[in-house]
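Naming follows writing order (A, B, C, D and E), and every chain is counted from residue 1.
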Amino acid sequence: MTASDLLVALPVLVLAAGACLVLLGDLLVHADGRAWAWVGAAFALAAAVCTAIPAGADAAFAGSVRRDGASIFVAALVGATTAAALLLAVGYVRRMALPAAEVTALTLFSASGAVLMASAGDLLVVFIGLELLSLPLYALTGLMHAAPHADESALKYFLLGAAASAVFAYGIALVYAATGSISIGALGGISSPVGLAGIALLLAGLAFKAALVPFHFWAPDAYVSAPTPATAFMAVVAKLGAFSALLRVGAAITGPGAVAVDWRASVAVIAAVTLVLANLAALGQQSLKRLLAYSSIAHAGYIAVAASAGVVASAAIAFYLVVYAALTLGAFGIITLLENDDPRIDDLHGLARRRPLLVVALGVILLGLTGLPPTAGFLAKVYVFEAAMGAQLAWLVVLGVLASVVSAAYYLRVLFACLGEGEGEPARGPSVGGSVVVIAALAVLVLGIVPGPLLDAVQSVRF
Amino acid sequence: MTAEQAIFAIAGPICVIAAANAVLRRDPLTAALSLTVTLFSLAVLFLGLGAPFLAGVQIAVYAGAIMVLLIFVIMLLGVSHVEMPRLRRPALQLAGPLIAVALFGVLAAAILRGGLPPASGDTADGSVDALADLLFGRYTFAFEAASVLLLAALVAAVVVARKRSTEHEWPGRR
Amino acid sequence: MPTEAYLLLGALLFALGAAGVVTRTNALSVLIAVELMLNAVNLTFVAAARRYAELDGTVVAFFVITVAAAEVAVGLGIVIDLARRKTSVDVDEASDLRG
Amino acid sequence: MIASALVVVPLVAAILCVSATRLARPIAVVASLAVVALALAALISGAPTSASVAWAGPLHAGYSVAADGLTVIFLALGGVLFAIGAAASSRVGHRRAYFALWCLLIAAVDGVFVARDLALFFVFWEAMLIPLAILMWQWGGPDRRGATLRFLLYTMTGSAFLLAAIAALAASRGTLDLAELASRPVAASGQLLPAMLLLAAFVVKLPLFPFHAWLPRAYVAAPIPVALVLSGIVAKTAVYGIMRLCLGLFPDGMATAAPVLVALAAVGTLYGALLATRQDDLRRFIAFSSLSHLNLIGLALFAATATSLRGAVLASVSHGLVVAALFLLVAMLASRTSSFALSRAGGLAASTPVLAAFSTLAIVAAIGVPGTSGFAGEFTMLAGTFERFPAAASVATLVVILAAMYGLGMLRRAYHGPPLAAGVDLAWRERLLVIPLLVLVIAVGVVPRVVSDRIPDDTLPSVEVTR
Amino acid sequence: MTLALLVALPLAGAVPTAVAGGLVGRRTVGSIATLFIALSFGAAVAMAQAFAAGKTQLVAELGPWLPIRGADLSLVITPVTVPLVLMVTGVSTLIALYSIGYLAHDTGVRRYFAAIDLFVFAMLLIVVASNLLLLFAGWELVGLCSYLLIAHWRDRPAAAAAGVKAFVVNRVGDAAFLVGLFMFLGLVNTVDLAEITRRVQPALQQLTVEANAQLFAASVLLLIGALAKSAQLPLHVWLPDAMEGPTPVSALIHAATMVTAGVVLLVRLGSVLHPDVLFGAAIIGVITALFAAVVALAQIDHKRVLAWSTISQIGLMFVGAGVGAAFAALFHLIAHAFFKAALFLGSGSVMHATDEELDIRRLGGLARRTPLTTIAFACGAAGLAALPPAAGFFSKEAIAAAVMDRPILLVGVLATSALSALYAARLFALVFVAPPSSDQARHARESPPVMLVPLLALAAGALVFGALVAGGTVPLGVTPSAEAPLALSLTSAALALAFAAAGLAIYWRGPRAIVPARVSNAARAGFGFDTLYLAAAVIPVRAIAQVLEQGSEALVQLIADLVGRAVIAGSALARRMQGGYVRSYEALLLAAAVALLAYWSIR
């Protein structure tokens, strides 16, 4: 173990250390719950910032961890997202009387798992990262004892997640059986049926974490029941982890014959099914949170569209992920600012009158989610579609654009609901969460108008 | 017949039968006990495969710790949680076996079509030393990560199962 | 014994576990079925490690056991929470969230 | 510079509107007139209007704007209509929001016309939707919800294909700059698909028969000023799009599809006119007569001869002015009879002679009597279309008969006969809204070359069809 | 310059009349409007003098108009069109003057005179446009003015309906005209008349089969336009109804000027149109002439008698124009303008005198109460009946002379003349001579001078114009093609005199039925053309519109709805997948994994 080893793994270490320190601190110091969220956010931010420190090596721990454009990107984005989610939680944990330190620690653990998945050099670390990502999320889902169905959601999430983990692990086992190696690079030479079966199971396991249809069933329930900041967190960070692993696996599959093509075709089919089903399901939702849950599944579908174009779409995916993170944080962030933690869409009536600024922010975010200009959501979609078109996936692009029409129906329904006549909610003063939401909305807008710097930055991302 | 073949011939069927029993029993306690049998027979198979230390861990940690915990919880929650005897959601009861058959069929086909790289002639040094070298050498990071995972799991389990002293009024929709 | 025999045995265990996951309604029974699947994974790892005269597979099996332990811990926590609130650990009764 | 200013000025106005309740309407009017002034300045000064800034390079998208003659024609029309529409929005609630959205709509429409990059075009194209939709949703009539959703989703479906086409072009051509795309044309055999994908957005917005399902509902549900700009200028973005993008980039693809498109447009022309004869609701009447006119414009566009395209531009200007006048007049009529139903009017000429006179003039222009802009456009379009598609042009010419039926039929039912309804005649405030439009209608009818000579030659097919 | 003024003055009169007419009194409005037309007449006279002094052509280029070759705002006047211009402006001036009196108590004077001025402008445009497009502009505008003026009395539903009908039927012709125009444009790529003539005429001899067919088709279409505008069979149905308008309007538009635009067109395009089509025009003309004459005989409404008579007389002009006798056609056109305008104004005077009584069976004996009107009407009737030496005699003779070598046409023309004499006599007898049969007739009073002066002026024209032209005093710009043989002159004079005398004799004592009621009723109804069109065109169009609205439009909407509903149904289906049972999720998840496995490992 050398200094450069530690530097390579630094983001993970910072996150995990942060989690431990928060746990320890909670035992030793009797502080206001909100403080722990602040501390956690600071650690998450530090993890994001420390990606900028040059490590002097591309890999560490005998190849278990690696550091490249993609892992730096994911670590930075996970760190930033986690920080933002924890800031959303500052007011929320108090209002809901949640155990702040535990929530913070679990969030940080989970974040470290996601970074681990992105920077893993072998499938074992991917698997451990996956578990490290998931287990805290099961707990976070079941945390809101006061919410009506937290227990049910947690149970479902856990049971499905456990089965999916087993499937993923079995995939690793079969790949190992076929190649004698658990390194990701070993996937390249696979041609035997056993190895191919393993790849298929890896895809299934990762698709589960990415909440792609038909592996998505946990997501709506979990998103609704989890504390809303945690929902925002899991909607972004779990996908970040899952997609980076998915893309790394995909990038490694360069085997003979049509294996690489098959991989992309499988992802494309999953993407197509996801786009259709998720958007359709979102259309009929009454609960805003559940609607956003399906919407995030749909967005996973769009990312998968790019993923099916292969590793050349890395920059497009990275850009999409950044925009998606901002949108998701903004959208769920707005819910944290409402009185009602699980508002029906109809409950939003009158919001425009009572809280105009909030509705403007929501409007920007909804436009971004729909993929309408001048938000960054638009550019993100265009980027993804261009990537898919470059891979001759015209049919998938057409499906994607049509699906986004359906999505417009439900997003705009939300926006229009805010404009409707109704009681609305009382106005509230500025809050930390409010700032996060405003920043997210501004980011969505500014990135749509001045995307240059981010676009330049993501060019270095290659999964 | 080598020793390994003998082990396989004896432990293999036991393992499968116990596993089937674990899956088919409505009573979780019986299922858990059957699973324990499976775990033991797997440990025997591990022995045959030249992984004695893992066999030990399988018995000590898996059967010894995990299963005990499981059975403890089953007892804690009471035997009243035996599944209802009537057949519920028949489509799913049918789907289970079907999926299992399909899964096994596809996997067996893949396995039997071979194509695996040739087996290495020699046997690995399965000693604890060698294992330790790997575990604290190449797999240091995974090892540490696994420790974080256990800590996280601990916290998660505590958080989710902890009894709230005051039930907070949830402001959402019911 | 050829590796394939162990792989087949693993596949059979995995399939049985999968069947259990779908058919069992007691949450703890489902958990047991998942354990079965993880054991199939381990068997496969160990058999493959033997085939290639490596220890890596065996080491991975350790990690799988670790992960299984962690999962069980969290799972049991969730089940206990469920049992406390629903006075039942029947997964079919936890079916209020839909659509 | 000027091209950018055309977008920026309304944007600034939108911000100003938000901050000034009382001045919101004047601001919106001034912003609209500023657009006219800027557009004309761009034309007259001859100074370079274009601007090009890097925007989203990896997406092959750039910020590139310019204002040529064609742009200016549409912008000037838009400015006039927006100004009159804003001036006509006298009694709206939530003024700040209304006029801010109004200004945003101006900015988006301006952007569509000045964009010289496909992605940027799409940005503005979609940006039009949201202010329009909110204006309809919040300030519209009883059916506003359904109508807005129908309009939104319908047009977005069309735009979806446009987006797909843009993605495909970016991926295959490596640029979305219109000039660059045009300078390296796609092989003729590969033009059909992209042309049709682009066209999908435009046929819905136009709308070409039978893609008009949103039209009657939207016209009825939208507040009158919004309906006015919706029909008057927003529909013209489709005309512009077909000219600039479909015909500009994929002339061969369009030529391949032309027989089918021309047939649809010819049918649509008569279809709209026939349905217009049966409408009782005056807004639906305008909707179907517009459908007829817009399909005729489509016919000319698809025929794509130099003459027919000149005619299409003329007709776009004409229809914009006329439909605006009609909407205003219909609203004024409705304010007298408390209903948009034709059956509730009747013999109004006796009590409101000026309204009747204005309406007559507007209808006369709508049915294309010489001396009005309507004729200039209609004749030029049909003459140009006849060069290439004589049968379709001949069939479409029958619309002059049907137009007379529905136009004069409407006048007869509303204003002639024994007085069933009565009201005060137009106040000067109302007259001043309509008079500029009518004056322009006549002016364009008498000197249409003022408009048609502004169309740059590079937007017209280089080889004239001669037989 | 004069030419531009000639056309611009009436337009200039229309604008202030329409815009600012409300600021001055009714009479002033009329005077101003009339003044502008009179000024235009002055310009025409000035030009006529220039032509008399030897000028052969006047051109005014006012700039470009439409972006089509030759479609400029340019005017041309030639010796042929000079008399037409004089007639149009002159008759218009008189009729406008008359209208001041006739509409003294009307509230809509302002728009009336605006429309009259606009009409004169448009009519002049038809005559002096130098290209087909500008001609068409005038062509449509006269139609518009016709609509506006027919529907002048807006509270009368019948007037509104008649106006719409007139415009719509005219538009049928206009549509044909347009397509014809497009075909010409395709043939020679210009709409400039001089150029068309230059390019088509020499080519007429050596046309290819295809070009021949195109020219034929184009000519037919233009002819249809002319038929509609000039109310010839089968597009004549609008003219009788157009009598709903004020009588001066009928005199100006529906007798003297607009309806003869078709003849003007044929004359101006005579050298361009396909010869076969031109001859077809003659055939249609003669059929129309006879048909309308018969119908006119059966009318009981004096304005309608005149309306049908107009149709009939224009038929004669078509005969002339169709056989290439431009002189005859124009001669009759102008002569007809005089006598028919006189008749209509006389008719108007009668109505003015009798509280708008239209039924000739309820009139009679007016000769005593309204002597000046009677004299004027008699002059007009003489012209119509072609009694020598009234104008109609010479002009009809000229037409007959032109068709001497075509016996069928000749017979038709003569028969029409005879019938004209008969119904003219009938009308005169019933209205002025027969014993009065109603209070209105008994208490009729003479019209004011402002009406009588133009009336008498026109009557004078109707009386002497023919002789002036025949005698060569007034040149018509074209030379007569054939000199009428004496025998023909005598025959036609005899026929006219005989039938006129018969008519007077029969109806001297009042209305009398000389044919079975069924026949006369059928004739009175125009032999059912209205019914035919109702059944063959109007009802089908309405039915189609209804079918479209309730069928296809509903379908378009339904499809949009169905797409929406399908999506919503899909949504329900997608949500049903999320059934709430974790075991089914597990099953689906594992099944999907098995599917992936199968795809990947079995190949």
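We take it that a contact is a pair of C-beta atoms (placed from the backbone, for glycine too) under 8 Å apart; a residue touches a chain by one contact, two chains touch by 3 or more.
Nothing here was measured: the structure is a model prediction, and the numbers come from that model.
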Out of curiosity, which chains are bumping into both chain D and chain E?
-> A
Centroid comparison with chain C (C-alpha atoms), farthest chain | E
With contacts defined as at the top, give the pair, B-C or A-B, that has more of them.
-> B-C
Chain centres computed over CA atoms; the one at greatest distance from chain A is chain E
Measuring from the mean of all protein Cα atoms shown, which chain centre lies nearest?
-> D
Using the average of all C-alpha atoms in each chain as its centre, how far is it in Å between chain C and chain E?
-> 95
Return the distance between the CA-based centres of chain B and chain E, expressed in whole Å.
-> 100
Where the centres are mean C-alpha positions, what is the separation of chain A from chain C, in Å?
-> 26
Express in whole angstrom the distance between the two chain centres, defined as the mean CA positions of chain A and chain E.
-> 77
Send over the residues of chain E in touch with two or more other chains.
-> 575, 578, 581-583, 586-587, 590-591, 593, 597, 601-602
Which residues belonging to chain D are in contact with no fewer than two other chains?
-> 153
Residue ranges of chain B touching at least 2 other chains are 89, 92, 95-96, 99, 103, 106-107, 109-111, 114, 116-117, 138-139, 142, 146, 149, 152-153, 156-160
What is the complete set of touching chain pairs?
-> A-B, A-C, A-D, A-E, B-C, B-E, C-E, D-E
Parts of chain D lying in touch with chain E, wherever the complex brings them together | 150, 153-154, 210, 212-214, 271, 274-275, 277-278, 307, 310-311, 314, 347, 349-350, 353, 356-357, 360, 364, 369-371, 375-376, 379-380, 382-383, 386-387, 390, 393-394, 397-398, 400-405, 408-409, 412, 415-419, 446-449, 452-453, 466-467
Show which residues of chain A lie in contact with chain D when the two form their complex.
-> 315, 367, 372-374, 378-379, 381-383, 385-390, 394, 397-398, 401-402, 404-405, 408-409, 412, 416, 419, 451-452, 455, 459
Touching residues (chain side chain B, partner chain C) in the complex | 2, 4-5, 8, 12, 15-16, 19-20, 22-23, 25-26, 28, 31-32, 35, 38-39, 42, 45-46, 48-51, 53-54, 57-58, 61-62, 65-66, 69-70, 73-74, 76-77, 81-84, 88-89, 92-93, 95-97, 99-101, 103-104, 107-108, 111-112, 114, 116-117, 119-126, 130-131, 134-135, 138-139, 142, 146, 149-150, 152-154, 156-161, 163
Contact set on chain E toward chain D in their complex | 18, 63-68, 108, 111, 133, 136-138, 140-141, 144, 147-148, 151, 154-157, 159-161, 163-164, 167-168, 171-172, 174-175, 178-179, 181-183, 185-186, 189, 541-542, 544-546, 548-549, 552-553, 556-557, 559-560, 564
Interface residues, chain A side, partner chain C - complex | 124, 127-128, 131, 135, 138-139, 142, 145, 148-149, 151-156, 158-159, 162-163, 165-167, 169-170, 172-174, 176-177, 180-182, 194, 220-221, 224-225, 281, 284-285, 290
